[in-house]
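I have a structure here, written as structure tokens, and I will follow up with some questions on it.
Going by the order they are written in, the chains are A, B, C and D; count residues from 1 in each one.
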Amino acid sequence: MEIRDPIHGNIAVGPVEERIIDTPEMQRLRYIKQLDLSYLVFTGANNTRFEHSLGTMQVCKDLFLGALGRDEAEFSYVGLLHDIGHGPFSHLSEPYIERAIGKNHEQLGEERIRTSEISDIISDSGMSLNKILAYFRGSEKINVVGGALGADRIDYLMRDSLYTGVAYGIIDYDRLKTRLVLYKGRVAVLESGISGAESMLIARYFMHSNVYMHHAKVIAAQMLGKAMGMAVTERAIEPREMWDMTDEELLISLRKSGIKAVEDLTRRVVERRLYKRAYDGPIGPGVTLDEVKRAAGRAGLDDSEFIAHVIKLGGDTDDITVVDRDGRRVGKLTEVSPFIKTLMDVLARKRLIVACDRKNVAKLRAAVAKVV
Amino acid sequence: MEIRDPIHGNIAVGPVEERIIDTPEMQRLRYIKQLDLSYLVFTGANNTRFEHSLGTMQVCKDLFLGALGRDEAEFSYVGLLHDIGHGPFSHLSEPYIERAIGKNHEQLGEERIRTSEISDIISDSGMSLNKILAYFRGSEKINVVGGALGADRIDYLMRDSLYTGVAYGIIDYDRLKTRLVLYKGRVAVLESGISGAESMLIARYFMHSNVYMHHAKVIAAQMLGKAMGMAVTERAIEPREMWDMTDEELLISLRKSGIKAVEDLTRRVVERRLYKRAYDGPIGPGVTLDEVKRAAGRAGLDDSEFIAHVIKLGGDTDDITVVDRDGRRVGKLTEVSPFIKTLMDVLARKRLIVACDRKNVAKLRAAVAKVV
Amino acid sequence: MEIRDPIHGNIAVGPVEERIIDTPEMQRLRYIKQLDLSYLVFTGANNTRFEHSLGTMQVCKDLFLGALGRDEAEFSYVGLLHDIGHGPFSHLSEPYIERAIGKNHEQLGEERIRTSEISDIISDSGMSLNKILAYFRGSEKINVVGGALGADRIDYLMRDSLYTGVAYGIIDYDRLKTRLVLYKGRVAVLESGISGAESMLIARYFMHSNVYMHHAKVIAAQMLGKAMGMAVTERAIEPREMWDMTDEELLISLRKSGIKAVEDLTRRVVERRLYKRAYDGPIGPGVTLDEVKRAAGRAGLDDSEFIAHVIKLGGDTDDITVVDRDGRRVGKLTEVSPFIKTLMDVLARKRLIVACDRKNVAKLRAAVAKVV
Amino acid sequence: MEIRDPIHGNIAVGPVEERIIDTPEMQRLRYIKQLDLSYLVFTGANNTRFEHSLGTMQVCKDLFLGALGRDEAEFSYVGLLHDIGHGPFSHLSEPYIERAIGKNHEQLGEERIRTSEISDIISDSGMSLNKILAYFRGSEKINVVGGALGADRIDYLMRDSLYTGVAYGIIDYDRLKTRLVLYKGRVAVLESGISGAESMLIARYFMHSNVYMHHAKVIAAQMLGKAMGMAVTERAIEPREMWDMTDEELLISLRKSGIKAVEDLTRRVVERRLYKRAYDGPIGPGVTLDEVKRAAGRAGLDDSEFIAHVIKLGGDTDDITVVDRDGRRVGKLTEVSPFIKTLMDVLARKRLIVACDRKNVAKLRAAVAKVV
């Protein structure tokens, strides 16, 4: 079977992969947006985890066949399945689900595979289920899917650039994929691929600061997160039920939760009547989010009336080894590339966003200014 | 304000347009997919009526400013608002809503504008509400939005091509837009733009036969349509309430309708367990759809167990006048272009699709073969 | 080795292919433009036969590996070498060279391969030189390179669209290449690929009428052709020497030919001071080009003062067989597709272009009007 | 008039601009490649200074109309004319011409305008010739054409990316152009455009290290430069005549120069039989190019048998001021952006390339290793 894809053209799907795709667990990913509420800012950003899962599978195959020279079946299944544990709006619901259930989306991914037909399909195919589940348990050494130059990231940068219309994430994938190799069982980059790796990691940073962390998107996400948190705390929604929902099912549930603050917040998000920024900038090294929240409280705002969120990108870019044509280690990319060294510093920065209804912005701004 | 768009780059939005966009009626279009269930076949086809409405507004401005040389404010509002009357899944729900309410999506568009804040925003801006509503009443002569070479079509062809990954709809918009003029108050094409017009009309045909009328999409749509029809007939869903729903709200309502056949059909669609084709081909000139349905009945299939649908593209391409550089009429495009003449014939053809559960395909195939 | 290409991304080049590419005969193609004088109209159209040769090789590999399931080495060499026989400005110099030498560019291609190191490289590689030369002799049955849906055409449509900026030639190559098969030793198209084939053949027509046969390009080409013809006739340039020239070497030779009319015409072309149209339209069925030329003579114009040229696209589109999934013949594409039927008629049309210096346009127009 | 362009779509050309474009001095730029010998490495890189001149004019208009809010006629002429002073292969011939004539390409640009019909066309149009010539004299303050974020650079990054097929230079031009403003008469960037400016400057660096300074291109350029230098020194070619040549005219002249070393070097370049690298890496801070050349001499290589070249990108990126929404200075981009700070350091690095015929590589490598 072939599936038409705006990024990869035709994605060839083998019979086992087709059986996996046909399960309700995979079909559900059609209803989980890749970029949660980014569509409120970038109107084309309606792309889903489903197409990204297919794309990640394709990149896994490209990398294994083209560059890494390894048997690929299990890895392409990992690429296909890597997002299966997500709740509605992916990372947005994850903390609330994790707090209630005690598992993150990768651990829940393992659970979803084990408890569904998917594990049977894999076992029937003669592949090693354990080898696949190792990815979800974090015990898989090869970082082809999840690494700093992994298939997940390669696919989403290209895909999100297309749908948002923001060109920063256009990476030179054709070129990069010929420059990746395995070194001691992990994805490494050839010297001739340093520009490709630099370019991709910087592209990701630009996508983060311009798209993924666009202030209006962060505010919308925090508003909806607050609604989710309240709904879970007050047991208006059972966490396990929430985990199984699609994006829209959650929006509908929240709007019918019976809790006024939850319903109001959700309606504001859906109709894009978002909080306005009272603060958007650096946060002092010793300042905690709790202090910011207390300051808001002193300004007379109830916890449900504002959002305060600290963004820290963090960095796993120290992960990448550069090797020469003969397969010898040249060094870490952070040592070899001054850009990536700088990127590490930039990624370590913290940014605080505080927002509330327009009518309270002035007093919240004054209160926050005193503590940051 | 500027909105980032994958097709047009930056779409500039004026203050009045921004107020219109901010209404719940326009925001709702974020949750109505442009291509109803096409995402089940083309995994990227999650684009919405919202972005298309913005894009249509942009094309209206391009055409009026660039080529047609007319004041454009009302027309850009028409471009922005032209899809506001749609129910969930746009054209898919339209017949059920129209049958129950007695209004098509354009008449309902007028209603939505009149009964919402939108009419006040327009009146406040000093524009003529009547001039805008004329479009919805079908009494507007200028076919800049809805015509064969209109802004609606220009935007959706480019947009749907991008998201489906099917290149057929890529039209040479930059070139075409300099070749359109007004002739006797209607959009016409210059002689030097004949290729552009031909190319666009043929592109639309290819998109129809390959994307919009892809057999699996048609089957999914007919399955969901059948579910809608039953739900409305049995008053499990009030038609006016259905009209206000988003795509996902409808899917959820149908799955909770309390009518087993409705719930089953909807779940099959959502999980992509679609009917298989028993017939896909021409239908004899004298054969009616009812005869096909009766044949299925004789084969032992209940009305809820199969879909039978006749597709006829039809054509409004006889609409276009070709004019020379001095503004003189050269002829109709159908007279001047042998391709468009042929296209008219092709568009007049009828295609019948009949499908059912895999287990009944053989007997349904035999039954249909006897009548078509 | 890998070569970076704007159309195909990375083109992988094997060791034998690399040796062929490194010959002066292949390197010379870097200096032969793909679209002769089109760069005077489409400023980006500086693409060369060299990159097109690499691209055609790549498409041959894609088709053979992807779709046609045959061993491909000889065919990729044919793709790489198919344009090697061209003189300067390719088809533009061909009639003058053919008239003088008695061989067309394919027969000359055979000669260039035979008399250069290329034949040794091929023989050393263990491939069959005869199998490759069969293409140039026209005795090769498989139409993978030169056929209506062949690699030559696929590559140049995509490539010329990119460089001219005219979108008509964008074909859905990813899709098409999975829909071609071999039927009785020739390239055929699957039923599911009819749209792809139609789209490509129509795309070629639009590229012809809008780009390849753009009136200013045709005029420039005829002016330069006239200069070439005079230079060869008067032996200012030896035909065999002309055949070995690059585009620019020919332009320089013509401008130093010592024949004033040749030098003037060439300088006018280089500096883009082109003749203006006195006529551009259909030519009566019984009218010959000689009659037109005599009419110009009667108007007082010397043969070197005007150009008159009849364009007839012609069509090899009756070549394509449609087959079903089981490999059975469905019919000819011209029978199955009304668009291709129409295309055949359109391609059979003749168009006459007559042009001269601006100062003589009026009288030439009058003279031509009497005979066409 | 409209000119079709692969980057900008349609470029509108006004009557005065059209007259300028029609001069032989502008038409000549059709025969000067934008990227000199890069086509030997990137087979699509046949783009010319002509199309880039049109593109730069277009960007000037976009920036002035869209963002900078100033009357634009003179500036669009500067954009159109900015490369008119170039000799064959642009920057490659510049040092030899400058050494002989005492003027760089901008001073020669002024000369070409003054001594051709172009100055009359401009004066006739009522524009200020002096205002335009100020650019060529370096006395123009506004850096819209030549600055770090200027139209020249914006156009060539996008254009060179397209033709080379290397994605690094794809910049988000639609977005960037709305983020540039004038500050104290110079192009500055808004805070909201910092990512855009960073991205563009980093893109330029990647294009430099991967395309413009690709080792094979540098070697080819140095080989041809050596041939030019010898030909000029020995007066085989008059410098003023060389200045007027096109790329191909120069190649032909060099191959007929009568100086064997010049002819051999040029033929090697044309047929792509390039020198191989003996060294490609950093050069010690105290080491001069002369020391490297002397080392080659000691290894027994004549000056015509090797090339040695030091690349230093240098940086004018300290030029850019960041301003806030109210037009107030925020700081220099190098202060505000850690990436641009790092870029400055990277751009200050020196890289030495030494190359010779394959047979001498080993001994040259040994000799160079001792001194760098």
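By our rule, a contact is a pair of C-beta atoms (placed from the backbone, for glycine too) under 8 Å apart; a residue touches a chain by one contact, two chains touch by 3 or more.
Please read these numbers as outputs of a predicted model, since none were measured by experiment.
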Pair with more cross-chain C-beta pairs in contact, given A-B and B-C: A-B
Reference chain C; chain at largest CA-centroid distance: A
CA centroid of chain A to CA centroid of chain C, Å: 49
Whole-Å gap between the CA centroids of chain A and chain B: 33
Between chain C and chain B, distance of the C-alpha-averaged centres to the nearest whole Å: 41
Where chain C touches two or more other chains at once, by residue number: 4, 9, 166, 175
In the complex, chain C residues that touch chain B: 166-168, 170-172, 175, 195, 198-199, 202, 206, 209-210, 338-339, 341-343, 345-346
Contact footprint of chain A on chain C as seen in their complex: 2, 4, 9-10, 174-175, 178
Of all residues in chain D, those that touch chain C in their complex: 3-7, 9, 22, 24, 27, 30-31, 39-44, 46-48, 50-51, 54, 162-166, 246-249, 251-252, 270-273
